[in-house]
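Working notes, beginning with the structure itself.
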Amino acid sequence: MDQLFVHIDQAIIHWAQAVLPDWMAVIVAMKIPIVAIAIFGPVTMMYLTLIERKLLARIQNRFGPNRVGKFGLLQPLADGVKMLTKEDIVPEKADKIAHLLAPILIVIPALLVFAVLPFGRNMIAVDLNIGVLFFLAMSGTTTLFIFTAAWASHNKFSLLGGMRSVAQMISYEIPFVLSVVPVLVVVGSFSTVAIVEAQPGLHWFVFTPWGAVGFFIFFICAVAEVNRTPFDLPEAESELVAGFHTEYSGMKFALFYMAEFMNVFTVSALVATVFLGGWQGPILPSWVWFLLKTYTLILIMMWFRGTFPRLRADQLMGFAWKFLLELTFVNIIVAAIWYEMRSPLNHLTAAAILIVTIIVLFQFNKTEIPKKRIYKYAYAD
Amino acid sequence: MMEHTLISKPDFDTQTLEVSLGPQHPSTHGVFRMNVVLDGETIVKLKPVMGYLHRNHEKLAENMSYLGSMPYTDRLDYICSMTNNFAYALAVEKLAGIEVPERAQYIRIIMAELTRLVNHTLLIGFLLNDLGAFFTPVLYAFREREKILDLFEEVAGSRMMCNYFRFGGVKADLTPDFLPRVKELIQNYPRFLDEFEALLSENEILMARTQKVGVLPKELAVSASITGPMLRASGVPYDIRKVDHYSLYDRFKFRVPIGEHGDVYDRYYIRVLEMRESIKILDQAVKEIPSGDVISKVGAGFAKAPRNFKPKAGEAYGRIEAPKGELGFFVVSDGTNKPYRYHVRAPSFINLTILEDMCLGHKVPDAIIILGSIDIVLGEVDR
Amino acid sequence: MIPLHHILFFSSTLFCIGLFGALSRRHVVGILISVEIMLNAANVNLVAFSRWTGLIPVNAQVFAIFIITLAAAAAAVALAIVLTIYRNRKTIYTNEIDLLKW
Amino acid sequence: MEVLTAISKVGIYVIFGVTLLGAMMAVTLRNIFHAALSLALTLIGVAAVFFVLRAEFLGAVQILLYVGGIMILVIFTVMLTTRIGDRTIPTSNHQQWPVLIGALLLLLYFVRMIGKTPWSIKSELAVVSAVQIGKSLVSTFIFPFELTAVILVAILIGTVILAKSDEGEEKS
Amino acid sequence: MFGIGVLKGMAVTFKNFVESYYKKERLTTIEYPEKRLAEKERFRNFPFLIFDEKPEDPRCVACDICAKECPPQCITIVRAQDAQGKPLKKPATFDIDYSICMNCGVCEEVCPFDAIFMDHEFELAEYGRFEDLNYTIDRLLKPKEHFMKIRPTDATRIEAELKKKENAKKAAAEKAAAAAKAKAEAAKTQASQVPDTKPETKPNEPAQPADPPAEAK
């Protein structure tokens, strides 16, 4: 069961070698993972939208889409058709080329990043030896394309949304990148497969002290990187109407939507790979473990969306620069110390240092942490 | 130095940005526009623009019999139609000197307090919606509001446009299973409130977003004749139920919560505490409600034939503690069956006048939640 | 694989395009863009040599990394200067910024 | 199998072509916003060239730093300095043609010089991994590494002061 | 920054999520077209006219009180006339413009003849905006039984009152008839002093079938 997809892959390659000329067979062999990702990406995106709507509905005690298809299962298809048939309005004074280019440019990195994720034991599209760095580089480029979308649609609201989103993405990119460094220091290589192999059985990194803190920071920054509540400032409906994608409709809006949800999947997949031991797990086949962990993280992100109000721009920045960044630096040092020392002593020292830093950071941010209030009553009879 | 002839004239010279939020905007509670001048993200100038929902309510009332404009008062503050009827009925009864039997007074108080629960629950839901919580609090609020609206429909015939009050009492008596259902509601509501508070009150993001935002100082509140929860959140203990003792409010024991900072968080939390007090009033009212007829003989006659209800010439101003503030009706009669002058003192309109003073220096998202915390309904603002 | 001199042709053309841009652009940011292109051309050269001829291939790549970081730093300062020029003189066209003091 | 190598060779030349096209657009387009975008295209093209030359670490760093960092700076400056609805004016000043000729001459000289010099090509092509770069950065190149760190901090402070002080001055 | 309050909030939403699967009072959505909510008795939607036996003679006597009292003035009545042009106690046309009516129930209260009541029917979508929603008399008329079906308590109360008025009218009619007969006999006895014939048929004399003179009301 574990190597199911790998056997399918081999079978296709054997069939291709038997039938096609050899160079064609090699091309087919290369193309299988690409086709798999090209199907897997959009399909996950479609069904993630459905899962999100169903989950949020249940949190709010209502049913969620159940009219189209048996339990609303065909709803994503209906949305897709609607998006395709909707008229595509381009504002008259907008920058036509950039307006068209932005959604395409945003989807490319979202798809490219799938190549680096280890879906299961030797089920990875391209085993780059700079896997994680490639992922971070790709997610870095989305900032630029979001801003082109905002600037090209030539409207005040999207401009404000664009500026906010760039500021947020940059200030969360640094803790995002640096919180992975401890894992790289301990594993010694960028490649995602190596990282997963370094967490055999149940020795996931999340159970080490620096791993827990790293997981917390990495997950928070991942939520911010993907612009989801409580950091969904750029497309804050209540203030900026729809942030940078106000002026998009029809298929272009669908592309933004697709990119957002694919990012949600890939980012939680990376968090699962780096901190929760990718496809490592006791009994179940490897790819089941991988999907299980990724989907729990996605459900947590959706749970956030159902519960939290939005952070204001300056609080959001303050949280990144004045809390997360310092914690990441200390985390790197603690990981190094943990790596050097042996036996249980390292866990204790690492945990001690981390707790001290968290307390100290809380003291520094005292002014911002709100206090509970008690209220008195008049006319108390 | 010699001024160069510049090729391109910059229009970004003062770095300020003129943005108009509304009238077609997802979070302005109806058709209300704010012309905001922004420097970066902080608000430099804010001009509210109203009047999109003006329906000429007061001129209409002058060409209609007194009872004819009672259904129109439901449309003033379309969330609490019962309290609008209550205030109008009080004003006309003061004008014409009509007595109201005890049972009718109790029914009126029960309806008023139920409307207060509906209004405050809805407001907290929409305030959280402006803060960005994606519809979860609103839908919890709607789930509870449904129970109360079912009670209204059972008694008055319509969920939101009740048209239930008549001069001298109420249109019809309570249905047999109205009181048991109110008792059951009184049991469950505190449990819902505790769950609502657990979700919201200690939520750090909410506290961070709303504390010290949109502070309304006590003096400004009093001088701008602000009334209702906004005034009490700024620390002024003024509640018309306790000041005027209208209807039978002095028979019930209840307290009035007071805030000190007067910011958005206080206004939110005062409304939660007020809901708990309303439940106490409902509890006592449901226990002590006497039997008897629900409308005085005189009132029933006029309800049957409103055209020959000719109060003697004179004027009267009846006011109540509506969920949004002091809702008053000023009625002037010249002896005919049509009022000579009819004016509504709308609380949200007057509370809206100081929106700019509270928003200066804040960011755009803060202006949205300050507007949300004032609790305006455009039907009442524009009349 | 392709021979070394093809890559060198590519990087030199890239360099010349950057040079042309740097010298003929009227918009200050345009000039900065061209300078970035010239730096990239140099990087390509370095990497090509490290791959084909370099004695210690690592040095060239480390050198390329230093160039990238310092290019980033230079770009940051340059753009800050451009902003201040714009704020004081309301223009970012090179032929209008010809006074040493304002 | 030679079909595959032919395809990959064509692929490399396509990357070269796209990068050069991007560079030319970046240099000649009138609308500065489009020029910035084509610069992004050039940078990504150069990163692709690094990948082709088996320098993945450098390619990833290039994308991370250049496209993720410097491009944002360029776009921000472009946004802050142009007016919405600003009509584009001729981009190049009068020295356009002489510079073009000079650049072409220089290019010709480069090409001739590259063609003539006998490159001492090693037998097997070197591949450098991220670990090697990391180690050498901290061992042989420790001094430049620290120096760059100092320079970066200085620049950080400098830029903030440059941009910030005017902000304050303008206000008073 | 992230403290306990945030976790408590998430616990609440999780509880809601889980309970909405098995707790009845959590999940209150009713899937409208298939399942419907029980209608409240006093629910008032648009008004309708009521007729006792035949749709030709509705209870409404075209007294125009409801048209005058209606706040948005959406009722227009034209009184019927017989051949010679004498106005009759029946409306020729009685139309309510449903697009203007705000179902406030004032017409039901002020109608002295209990002829107009508020209906429970709310699925009234039409295609045209102007004429379609202007309900004429034939679309407004509904039998007494419909009123009894939708509003039992009010219907019984009103039927009782009508019955009482009916009996009072009949009794008054009989009294008047008896008085007239007594007067006639007195006149006859005075004139002929003939022994008065026992009108044994009087007690079980059937009520005149003709409709009682209206002015007795």
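For clarity, chains are labelled A, B, C, D and E in written order, and residue numbers in each chain start from 1.
What we mean here is this: contacts are C-beta pairs under 8 Å (C-beta built on N, C-alpha and C of every residue); 3 or more make two chains touch, one makes a residue touch a chain.
Treat the numbers as computed from the prediction; the structure is a model and nothing was measured.
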Shared chain contacts [chain B and chain E, defined touch]: A
Partner chains that chain A and chain E have in common: B
Chain pair bearing the highest count of C-beta contacts: C-D
Central subunit by CA centre of mass proxy: A
Distance between chain centroids, defined by C-alpha means - chain D, chain E (Å): 85
Whole-Å separation of chain centres (CA-atom averages), chain A against chain B: 43
Mean-CA-position distance for chain D and chain B (Å): 61
Between chain A and chain C, centroid-to-centroid distance (C-alpha), Å: 33
Residues of chain D touching at least two other chains: 57, 61, 69, 76, 80, 84-85, 89
For chain E, residues contacting two or more additional chains: 1, 3, 6, 9, 12-13, 16, 28
Multi-partner residues of chain B (at least 2 other chains): 7-8, 10, 136, 140, 143, 199, 202-205, 207-208
Chain A contact footprint on chain D (complex, rising order): 1, 3-4, 31, 33-34, 37, 40, 56-57, 60-61, 63-64, 67-69, 71-72, 75-76, 79, 84-85, 129-131
Chain A partner contacts - residues on chain E that touch it in the complex: 1, 3, 6, 9-10, 12-14, 16-17, 20-21, 26-29, 31
Contact footprint of chain D on chain A as seen in their complex: 22-23, 26-27, 93, 95, 97-98, 101, 128-130, 133-134, 136-138, 140-141, 143-144, 147-148, 151, 154, 166, 170, 173, 177, 188-190
Residues of chain C touching chain D in the complex: 1-2, 4-10, 12-21, 23-27, 29-30, 32-34, 36-37, 40, 43-44, 47-48, 50-54, 57-59, 61-62, 64-66, 68-73, 75-77, 79-84, 86-88, 92-95
Of all residues in chain D, those that touch chain C in their complex: 9, 12-13, 16, 19-20, 23-24, 26-28, 32, 35-36, 39, 42-43, 46, 49-50, 53-55, 57-58, 61-62, 65-66, 69-70, 73-74, 76-78, 80-81, 89-93, 95-96, 99-100, 102-104, 106-107, 110-111, 114-115, 119-122, 125-128, 132-133, 136-137, 140-141, 144, 148, 151-152, 155-156, 158-159, 162-163, 166, 170
